[in-house]
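The structure follows.
Per-chain residue numbering starts at 1, and chain names A, B, C and D are given in the order in which the chains are listed.
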Amino acid sequence: MNEILRRKIIRYAASLLVIVLVVFMFPRIMPGNPVMFLIGEDVIVTPEVLADLNTRLGLDRPIPEQFYLFLRGVCTGDLGYSYHLHSPVASLIGDRVVWTLMLVGTSLLIGYAAGILSGAWVGWMSDRKSAKALTGAGICISCIPPYLLGLILFSVFVYRLNWFPYKGLYTTPDIWSIMHHLALPVATLALFVFARNLLIMRGSVLTEKNQLYPQFARALGVPGSKILYGHVMRNAILPILTQFAIDFGFIFSGALFIEIIFSLNGLGTLMYDAIIIRDYPVLSGLFLVIAVMAVLANMFADILYGVIDPRVGREGI
Amino acid sequence: MRRYLLPLALIAVFATMAIFPGLIAPFTPTERFTTYQAPDKVHIFGTDDMGRDILSLVIYATRLSLFIGFASGAVAIVIGTVIGLVAGWRTDILDDLLMGATDIVLILPKIPLVIILAAYLSPGPWLLILVLGLLSWESVARVVRSKVMQVRSADFVLAARCLGFSDTYIIFREILPVVFPVVVPKFVLVTASAMISEASLSFLGLSDPTVISWGVMISDAFNHGGFIRKMWYWWMPPALCIILGVLAITSLAFLHERGAREVVQL
Amino acid sequence: MLTLCAREITHAYGNHEVFRDFSIEVAAGETVGLVGPSGCGKSTCARILAGLEAPQSGTVEFCGTDIAGMNGSGYEVFRRSVQMIFQDPAGSFNPVRTIGQSISAVLRLAGVPKAEHRAVLVEALQKAGLQDEILSRYPDQISGGQAQRAGIVRGLLISPSVMILDEPTSALDVSVQAQILHLLKEVQRERGISYVFISHDTAVVSFMADRVVRL
Amino acid sequence: MRDGPLLSVKQLSVSFPGTNGEYIHAVRDTSLEVFAGEIVAIVGESGCGKSVVAQAVMRLLPPGTGVSGSVIFDGQDILPVSEEEMEKLRGTRMAMVFQSPERALNPVLRIGRQLTDPMILHGLCGQSEAEERARATLAALGLDAGWVMQAYPWMCSGGMCQRVLFAAVSLLQAELVIADEPTKGLDAERIGDLEEMLAEIPVGGQMGLLLITHDIGLAARLAERVLVMYCGMIVEAGRTADVLTDPVHPYTRGLLGSLPENGFHPIPGLSPALSDLPSGCVFHPRCGSADSTCSRFVPPVREVCGRQVRCFRC
């Protein structure tokens, strides 16, 4: 157990280091003036201000010292300063992150629950026509880039059918209005999450189905649904957990794209605006936050895995 | 074999579009006409904001979209297979190091990382291929490694060693063929996801604006009024191409799964 | 004359000692039975004798030379002289190559010209009671008995002087077991090779072996 | 007390769809009976279809399998019965002991739950009583009940898993127990254990045991009646003492001749593949006394020396 735990901790620490290094190194090793990368390209400044910034950002000091200062900044919540938006990056992200988490959280909940349950059913009943149809639909949806899925749903339900509003979520702070605005983006992301989990769960139930233990349970007279949801599911869900960590980054970035399409005021639009004007501090800060979230998601999945599968630690999974 | 027909036919159509765009497209991407034309007999999908024929653009864009997908898939497969083979065959510290590296690449959120890299580098297609390939090998390495570990001490490998075959022969002629069936669907899936990533990056305006890909076209439509003007015939054709392309490639992997009883995961 | 012998070999997994100071000698043309209950390290011992695994202490000698110290050409001679047959008949063939591909790879290794492969194979298979149609089959498409015969054919192609048989019939049906045992006896009569016959089944071992060693 | 047999299988045939659209006939025209209080063994070599018979009786064959004939359990033909009805029969009235006990238990559930759940599910008793019964049964089988109830299957040795499996089946007290290759892959010591447990099943004359095995010695020691199967057909059936000491069918004779104690005399030739069976009597290509009739017609079941035999020549 300790050996595995140690290995896991080393890997998480190493990934954090890589993430921090990416954020720290890129502005400094890119060809061109690092100041430009640290304040953003389109900010127009005089040479004096530039020189002043150079000192203020610590760029005249040796690299190890810069790294130390940078690390200290990150640890105290200082993610840099956006000269475009005249605001610290941390507070920019802090203002928007709630909306993104709301979108991601709701969709993950819906998408995972629906995907796992119906994926299990589809794998169990893999010979049925309806199961095959659902699998086909799952493959199709997972083949559409998330932003395109958003674009298609947006043009159908907002432009053509006018069922949902264009934008303006933030003017009326009333729960029904928020739900009305969030419904379609949540549906889009949930659909996407649902399709991916459906396929993973299906594959994993198909494998488990051919094991001997469901057969034995059947021979003891346990009804099919009980075998599926009481026996097979518990084993079959493990790949979903392993996949959750990997998927998290993907789903999160999918959420960013969906925000852009639906003009939600979350991290995605922040990122989109930052890309257009090459606001590097914001981009770096965003990457740092998303990457740390991904690491946390991994840890969470690891812990959950240990709860569901008692064999963890024995076989070194 | 019949079930492979439809995806293979689709891929063949796309391949023709990619290799001989001049033969199929009615115009070249440089010819200009009146802007924002609705579809008619001459311009089946109308024209865009710069007056280019949309159908011709879609056809000319195929090459880049497919190329980026397949090339990054190839990069990822080569790196992943080599690392997986080595890590699976060796049981020493090298295995630990390689798997550690794999785990780290696995944890890093790919698309945000590509976005920040692209923002700094303003990449051309080659750089994009390299970056996407370098960030997608980890799943390949993992399946290859676990498969190699499965067969490393199998009787047929022992038998081959007994008969006097060299290690190189055993790795490449005995183990690689066994690993190959799990690599093929992975290649297909990495290719498909690279196509999706490319389209997504282009949508954010993070690809080389001088070349056309399906993603760039959708991004143009979104940013240059195609959407507000309800010109579905502008963004729909490239969107359909991406979806059908990815679908055709992915379904090959799933059909392979049915054939080989291997369960693939996205 | 001794061909293969192990002197005082020891093997352990972690702290669990499987066997200690075990010695076995095989003379030319004889069959030595190696018996013991399951889990006593018979398979490990077989792999050590075949040079696939190194003993933790002790030596394995082939024609009087320690195999650990063998150089290139000496090792090659040893490699060709000692062959092994496994318990799981289908498992000793590569699952994604046909039986024919697997066997003719050995012929290539032995330097038989490609034009003669087919004739050599057909003759060898016939002797083992197999039809040449199994050459185009995959290991999971033939029965256990057929696979075990094919495994014996493959091992014999490079004319070994010792064959280590690790439970060669315990995965097979009784009627097939009888056939394989008779085939092995016939091969030995014809070629005068030595066997190390490993089994948990004392009846089978006493039928085959000239003398029996207990592990 | 019932008058008829507990289980009566009549003219059962099972065929699987093959890869090239043809049908693979795994079992053909097979009939057998098991009475309460007796042990009946089906012996045969791998691929002869003996396990398929067991699965057909338990209705555990995969969907898409062609099954014809009838399986009459306690007077009722269970082949046309719905899956829900079967779920009620399985476990409490007919149960099956599997081979490879380690794989037959769910790795992520505690053994206690796997033992008590079926009892509660079938409404035999409540939670606390179920636990008590499970504990008692485990202890009777010589296990540390308290520890095993809390353990996961992978924490137990193969021998323990085998006892747990046996406990799971015996707790439900089914009238018919089918043991499908229970000794496959076991070493001698564990076969001895298992034999003791199996021998106790028909105690009191209420239960019947259908033993499916490749181990002729096991069948000889346990069963009162034995059926010899070859390529999907029962070639000889009768009292164990008759069939295994004085066989009349050429295959049975060959099979017994291959045994160690009889000097490993092999049967010439190889068993045919089920997808490519010879015409007429399936054994005729390997039979020393076959003639043209044997290669043209399938021999019917005949009564010879107090047993049923499918052969023209004896």
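Basically, contacts are C-beta pairs under 8 Å (C-beta built on N, C-alpha and C of every residue); 3 or more make two chains touch, one makes a residue touch a chain.
Treat the numbers as computed from the prediction; the structure is a model and nothing was measured.
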Maximum centroid distance from chain B, chain identifier (CA atoms): D
Leader among chain pairs (count of C-beta contacts): A-B
Chain whose averaged C-alpha position falls nearest the assembly-wide average: B
Chain C and chain D: spacing of chain centres that average the CA atoms, whole Å: 34
Centre-of-Cα separation between chain D and chain A, whole angstrom: 52
Chain B-chain C separation of Cα centroids, rounded to whole Å: 47
Chain centre separation in whole Å, for chain C relative to chain A (CA means): 55
Residues of chain D whose C-beta touches two or more other chains: none
Contacts with 2+ other chains: residues of chain C: none
Pairs of chains satisfying the touch condition: A-B, A-D, B-C, C-D
Touching residues on chain C, where the partner in the complex is chain D: 37-38, 129, 143-146, 173-179, 181-182, 200-201, 203-204, 207
Residue ranges of chain D in contact with chain A within the complex: 58, 60, 63-64, 83-84, 87-92, 95-96, 98, 100, 103-109, 117-118, 121-122, 152, 154, 165, 168-169, 172
In the complex with chain B, residue positions of chain A that touch it: 7, 10-12, 14-15, 18-19, 22-23, 26-27, 30, 37, 139-140, 142-148, 151-152, 155, 159, 196, 199-200, 203-204, 206-207, 239, 243, 245-246, 248-250, 252-253, 256-257, 260, 271-272, 275-276, 278, 280, 283-284, 286-287, 290-291, 294-295, 298
Contact footprint of chain A on chain B as seen in their complex: 96, 100, 103-104, 106-113, 115-117, 119-121, 139, 192, 196, 199-200, 203-206, 218, 222, 227, 230, 232, 235, 239, 242-243, 246-247, 250-251, 254, 257, 263-266
Interfacial residue positions of chain B with respect to chain C in the complex: 154-156, 158-165, 173-174, 177-178, 180-181
